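Going by the order they are written in, the chains are A, B, C and D; count residues from 1 in each one.
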């Protein structure tokens, strides 16, 4: 569970005349993850594709292109079928031509549409101006400029221009048409000259007759025609798709398989007459794969299980000695990884892969994530209402979505949502109301968030609890690291692995001791002092001893890691632990936000350091029953009808916001603690995905 | 043929002269042929190298320009390519290899410095520089290739014709001449033999005549003797 | 931003002065001092969170997986306020 | 350090976003995988990365390398538009000044395209829509018939006057050089114009960054000139505003490459430039050196962005890195297409 599935390295050797059979069998079995040949064996070259790979590829590329142009999807597929070579010649070619024709047509129409749209946009200023178009162009002696800008400035500029004998300015809003009669000796573009320097956008005058409105209408009409043309081309394409989708999908699959098989030798080692293929296979599948090959080919090939990959990386990969490196030909290909976790924890594999796929020699932290992440999350949100919503949304995602990543996220949401519900019951909260507290716990839930002044102690408690959780979580991380290093000997494990934990724990035991008590914040000793713990800090003796041990750890650390270790060790053991206080902080913030939303809607008053929502009665009623209470907010629901409506909107949007922010803050902060603080201690990642050679047939049947 | 010639001693001498000349020509041509082949072999090696260079440079250039287009954009490369305003100049001179005239092609201003390429320097990268360079190299090799290939072709022609001439001498002209020579010599020998035979005949005849004369003289003497005695 | 901070502090100082001039026997009630302390701590945290938040929003816009870490980083400075509250409790 | 900016710049917001985007940039392993894939596989791979909007939109129309290229350009534009959209106050001003380099690029592309009589579509493909120019203007530019009309179309922009001035030179020589130089110079001139580093908060780091960029640009051009030889006046290609060398010294340094190298080794960028200079000695080609130089600039930008985290530097460093990534992917896709080997392609990549 903490380890990926055990893999074996397999080699298949034979003469070239059985290579196709070997590929066929391997393809059907779909268990062998081929390793690329790295050229390390004398006399063996990397293989070339089999005959026909190029021809099949050419067809495949075309088929995929057609599928893409026709927008064929899985749903369009008919029943599975056999695709014959003849069909790939005849039917295929006619589909291709038809598709190309229609595609050309579509492109042409779309092009025209774009042009029309541009002309329509260009015509609009003229419509607002309302001057017939033929009046605006075709003059020999007059200059016309139509544009948009500060019309007053244009007027002044025209009046001031020396080269213009007379002019006329028509305006409508910011749009203007300036008609100028230049002096006979004026330069050709006298009008443009006059307008230089003004912030004016000029429009080209369409060389058309009649009123601009008519012109626009003509354009619109043409646009409609083009749109219907487009519609008909697209419907042709649609019917083409319906007709040929099944064939195309099946052809794609057939050709993909053909190409995949023909290109398999690309990762083989070959000589003139022989080949040699290597790959990884889950150890439990080896026997069936080997016997399948033997059944088909008997003695003509040699199948061998070269090694069962140990979970420790081979020595040469960590730079200790080179014997094994020579033994397996200097290859460094690591086994691909099949994560192996209980079904319920599987969605969390995705969370691990977000950072990186675990490598074969890593401990797979999925299970730890499964155990800690929902607790962090539930602790921070801790609300039955939100929890149920998260669970519901998560379930929908998990069951309905195709994307593996999103479905897995849904799975994570379900489990985190359930944890949220559990914590919600303990806090006694539903959507920020203490309803459960009242009906289940009779007003005294086992846990409080510490939002209200009367519960201030709880807030400090959560801070300390966060630190304790940090110490546990991080020590686990260091422990895994230490375990991994144990194979290099106890000394290395102690100096490079355990020393970090010793430093951290030692430091924090000292912090929680009464040594130098006056200099430390009080909450260290008070927050856990209540029953059943009754913890009021370790004695100074214990504190100083722990610090001494911690310093020994620090010394070992510096010995092993040098100056960087010195800085990082000191910093990490403090900041990484404090970083977990975000658990308490986010919890308070979320609680506070939900409170504010409810406060705005229902209003609340404060009495004896407790907040009470005014669920049933307004402030006036409260005043009569609790004269000592102070009002926090009157509550929109108790106001006039408009306020009530606004209140409902705020209520719904507010809770939706809290719900969403719960994901982005609580979710992210929890995940961050896992990734940065926890994973950082031991996780390497970089594993290769297990991709067995083969193809799952869905659209074609064999024979 | 041979029969056409008059088998005279004068003709024989003439033929013998011609044989002498042809034989000497044949040797020379043969030497020339071998020489040309040697030259050709040299050039062939060179041509092969150049041809490979062209191929290699072409590939390189193609690759650099592809990468330049890919990295700097197609348009940037095109722009840089089009920016070139000064085209290289090609001059052709001739060279003489064993009497064969081969061209010597020279291209000036193929390789350019950064400021002559016609594209801006500030904002471009050396990818375009090197694409341009690669093409300049390619052009230079192509020019060289043109030169070598033309020379090769010309040499090949010359070798071919020389070979034909050698063969003509060797297999047609000389055998004919030898035949004629043989023929004339034969004829002349025959004539000689005839002459000797005739001489012999004449000599025999003369001797007979002399013997007959001597016989008749002795008869008359005997008669005289007999007469006397008688 | 600085200006706001300065203005806020000036104003608080002014209030303190006025209450002193009012001639009451306790010129400056302890509760007011405590509130002032928490307030200033919160202001400081707020300023720090402003910057971090902007960065976080930026990062989340790019990659929604960062949402968790972004939020987490944003609230980191809140420890300041927590410590201030602790101080109030202790004093 | 400037925890709370006095102007309205939102450094922390923008930089957080930029850092996220930075994390999406491909790493060496992914490049390595890409070099073994075909063009369409690369497109498919990109379609499963942050390039998916672009690949999905364009995949039905393009394929292979084309698709990759289009998607890369669009993606670049989207990212840089985003930067402007996010930023406010001085930060906005500084980023938009810097992004004007894409305007400069687009102007040059238009000039070169029109000059070489390239099709509008090809020019359009090469535009990077990350600057201030809107689609309408770019559309006009790519359709222009002549270089002169391109210059005309740009009259209303900051490039208008300098281009018009350079037009005579162009017509005289027939080469684009004067115009291209005018564009580049205008970009560098307007980058710092009107900024007073002493009084205006936030601009000090900007100036520092740009000095580095200018210096690196000058280094690069100095080596190109040194390699090419010829009788060029180096000061003609010198960009003002750097801190490394003066126009006057450049001339002698270009003549003597060893001296230039030595000078750079001793300079403030010596550390960053080390690998680049080594590559220079081992190879004949400058491309490798330029890659190393680019990598060095990336490294320096990254360094500045760490020294000044709450400034414009991380944004500028991101712009560089993103541009680089797009270039790298393009090199891989193109390289695969033209058949380069895995190793050759890796030579073409620039990585930090």
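Methods note: a residue touches a chain if its C-beta (ideal position, glycine included) is under 8 Å from a C-beta of that chain, and two chains touch if they have at least 3 such contacts.
Worth saying up front: this structure is predicted, and the values here are computed from it rather than measured.
Relative to the centroid of all protein Cα atoms, the closest per-chain Cα centroid is that of D. In this assembly, the C-alpha centroid of subunit C lies 45 Å from the C-alpha centroid of subunit D. Here the CA centre of subunit A is 26 Å from the CA centre of subunit C. With centres defined as mean CA coordinates, subunit C is found 109 Å away from subunit B. Once the centre of each chain is set as its mean CA position, subunit B and subunit D turn out to be 65 Å apart. Two chains count as a pair here when they touch; such pairs are A-C, A-D, B-D, C-D. Residues 65, 68-69, 71-72, 75-76, 78-79, 82-83, 85-86, 89-91 of subunit C are the ones touching subunit A in the complex. Taken together, the subunit B residues at the contact with subunit D in this complex read 62-63, 66-67, 70-71, 73-76, 78-83, 85, 112-116, 118-127, 129-130. Contacts from subunit D toward subunit C in the complex involve residues 3-4, 6, 10, 12-17, 19-21, 86. Taken in their complex, subunit C has these residues touching subunit D: 1-2, 47, 50-52, 54-59, 61-63, 66. Per the touch definition, subunit D reaches subunit B in the complex via residues 104-105, 108-109, 111-113, 115-118, 122-123, 125-126, 173-177, 179-181, 183-185, 187, 217, 220-221, 223-225, 227-232, 237, 239, 285-287, 289-290, 327, 330-331, 334-335, 338, 340, 348.
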